[in-house]
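First chain written, first letter: the chains are A, B and C, and each begins at residue 1.
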Amino acid sequence: MDPRTAGGEPVNSALDWLFNPDHWSGPTGIPTRILEHLGYTALTVVIAAAIAVPIGAIIGHTGRGTFLIAGLSNGLRALPELGLLTLLVLLTYVGLLPVVISLVILALPPILAGTYAGVRNVDRAVVDAAQGMGMRGSTVLWKVELPNALPLILGGIRSATLQVIATATIAAYVALGGLGRFVIDGNNAGAGSPDGYPQMAAGAIVIAVLALVVEGVLEVVQRLAVSPGLRNAATRKRTSRIWRKPTPELVGKST
Amino acid sequence: MKRVIAGVATALAATLAVSACGSSDPLAEDKPSGSASAGSITIGSANFPESQLLAEIYAQTLEAKGVTVTRKFDLGSREKYMDGLKDGSIDLIPEYTGTLLQFLNKQAPETEADEVYTALQKELPSNLTVLDKAEAEDKDAIVVTKETADKWKLKSIEDLVPHCGEVTFGGPPEIQQRPDGIPGFKKTYNCTFKGFSALEPGAITTKALLDGTVQAADIFTTDASIEANDLVVLEDPKSNFAAQNVVPLINKDKVNDTVKAALNAVSAKLDTKSLQELNTALDAPDKPEYADVAKDWLSKAGI
Amino acid sequence: MNVDWPWPWLPRNVDKIAEATGEHLYLALLPVLFGLIVSIPLGWAASRWPAVRLVLVPLAGVLYTIPSLALITLVPLLIGTKIIDPLNVQVPLAIYTVALLVRSVTDALLAVPGEVTAAATAVGFRPTKRFLSVELPLAIPVIVAGLRVAVVSAMSLTSVGALIGIGGLGELITEGFKRNNAVEMVVAIALILLIALVLDALLLTVGKLITPWTRARQGANR
């Protein structure tokens, strides 16, 4: 089967590979790889959020250290993940840790930027009201700014998650699992082999579908998580920008 | 508005200029060299250093005889570059008799060097042929660290069999399907490993073995890291891995007396020891270029 | 096993590095340029007709979400290229650029104040001239911002192609990885980073230079 010709054949071969029941069972099957992939992603995002949300919130609240946000976003967007990942593996060992470290580094900027923007953009009137009620600094942050910033924070986490799902495909190059496995193994098997390009294409389709499904789910989560006070029509125009992901423009796409 | 147009035009021109620097057919490798009188040939190589080094040796030998050579190196695994040989995008590639035979005929039983060579000649597609085989062999092998060999008293693959269930095996992804790979271990030795780790051939496979990420790995026998790290190559008494003599696989149309003489001269001088030395030279800490290592060897071998 | 740091590798391989860099720029920048050109009329259409906007914006979002390794792998399926074809990297990059910039262009054009377009029309500008002389220039800051992101992302995304053999500096990364040559890897990574940041600064500067009114306005507000 020659992928050099577009049209029915390669698509059919890819779909055949995709829907072959053999490929849906066992430790090398599609479901296992999906779970591995989501596992790497979840682990990474949790760690990255644990680091980036507090830092972003403090920078947003105090207004100090804003250079960190812009600088990191710019710099890390330009860093090639393939390079970071492979170099780290070469310097340490072949395993999960160097991969997770690289993925976390990549996931920090969107969450930092989202948290910072969220806290910063809280309506000054609301903050004044809170201070007028007697709340001090950290209480304001905790009880007022963060809840109001939640949509943008979730937007940042959403963007980070998609970023990590995309980058985790590279993990297969350094002997890990995940959905990239089908692309790498298929590539090594050679174009003419039934486990060659069809496997690559099938893997690519699953990756794309997974990314879109996760994006959709997170969009719903983000909307549901917005506090009712921010949902009514009067405030919606002012906050309408937050319904969209703030992120492509802020943090771009690096994988 | 004029200012905007001027600015945009400059930016566009700059982008075009910058990308034009590299744009002249970026995926074609070196420009052809040598005079046109003795014909032209395109040489390919697989995606591991030894293959590229051998291809470079072939290339320089042919260039010295006046053949115009185009290099298309690092094409990937055999499964990938066979397409190139079939459709003529490459004409010549260094190959290994045993695995090539098994690639063409999964059931091929031959394991002894001359038998493999003869069987191979019968299995080749009609447009391809092999020239003389070299004495040099580079086989896939199951390799363990000295510690592991001492711990389990391993000398041959048969000694490993009782421990296979504890071992995660590392190697290039394609050996999961190759007849002398994972299926072969099962069939010939009844060895089923606990797990498999797909690793790029080369430094990273050695590293995974040394770090203990895998307890046994498929490392080629002439790999410099075996000696450098005191690794142990397990013996293969049941001949799972057939003989692997280095041989030029070439398109019949490209075989003329010059080419034949040049390549056979290389094969005559290439023994396993030379191949190991070549690999060690390539792996030196200052990472010399393939072309230099090839040139050195050719002049020392008197070709 | 020790990682080798053969620093002499660097001066010895300047032409190899230069060639890889040129290839990388060809793979990364040409599609961004193409994407920029395509997104302007698309963004204009989306700003003018809500129906178009309703289709393009979500479509852009969907395309942008698809991971690059997936798109790079699927291009042969979609347009019949071989597996090692520069187009496999360039087509996804162009798609991502358009997906990113269409939104910027649309938003920027929609943000042009009604009074400004009304004034331009009143002064006698025909629609095309109005677009080129008034609306588009006003949209430039937003477009440049999007373009900076697109360029920087493209520099990094291109290296992913090396996983399936499509060149550029990414191939130095994979080669260094296979041969235990940390210098080769670091050089490639550093170059990608540096060139991306330089291009980013360049675009920022050019953007400011061709929109002098933004600076004037800031000055007036002080």
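Simple rule for what comes next: a residue touches a chain if its C-beta (ideal position, glycine included) is under 8 Å from a C-beta of that chain, and two chains touch if they have at least 3 such contacts.
The structure displayed is predicted, hence computed values, not measured ones.
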| item | value |
| --- | --- |
| Far-end chain from subunit C, centres as C-alpha averages | B |
| Which of A-C and B-C has more C-beta contact pairs | A-C |
| Computed distance of Cα centres, subunit C from subunit B, in Å | 37 |
| Rounded Å distance, subunit A centre to subunit C centre (Cα mean) | 20 |
| Residue numbers of subunit B (touch at least two other chains) | 76, 200, 203-204, 207, 211 |
| Sites on subunit A at which at least two other chains make contact | 89-90, 173, 184, 187, 191 |
| For subunit C, residues contacting two or more additional chains | 165, 174, 177, 180 |
| Complex contacts: residues of subunit A adjacent to subunit B | 89-90, 93-95, 172-175, 181, 184-185, 187-193, 195-196 |
| Residue numbers on subunit A that touch subunit C, as the complex places them | 3-7, 10-11, 14, 74-75, 77-84, 86-87, 89-91, 162, 165-167, 169-170, 173, 180, 183-184, 187, 191, 197, 200-201, 203-205, 207-208, 211-212, 215, 245, 248-249, 251-255 |
| Contact set on subunit C toward subunit B in their complex | 1, 4, 6, 8-9, 12-13, 19, 21-27, 29-30, 32-33, 84-86, 132-133, 136-137, 140, 165-168, 171, 174-175, 177-181, 183-184, 203, 206, 209-212 |
| Subunit B - residues contacting subunit C, complex | 1, 3-4, 6-8, 10-12, 15-16, 18-23, 26-27, 48-49, 74-76, 200-204, 206-207, 210-211, 225, 229, 283, 285-287, 289 |
| Interface residues, subunit B side, partner subunit A - complex | 76-83, 170, 172-174, 176-177, 197-200, 203-204, 207-208, 211, 213 |
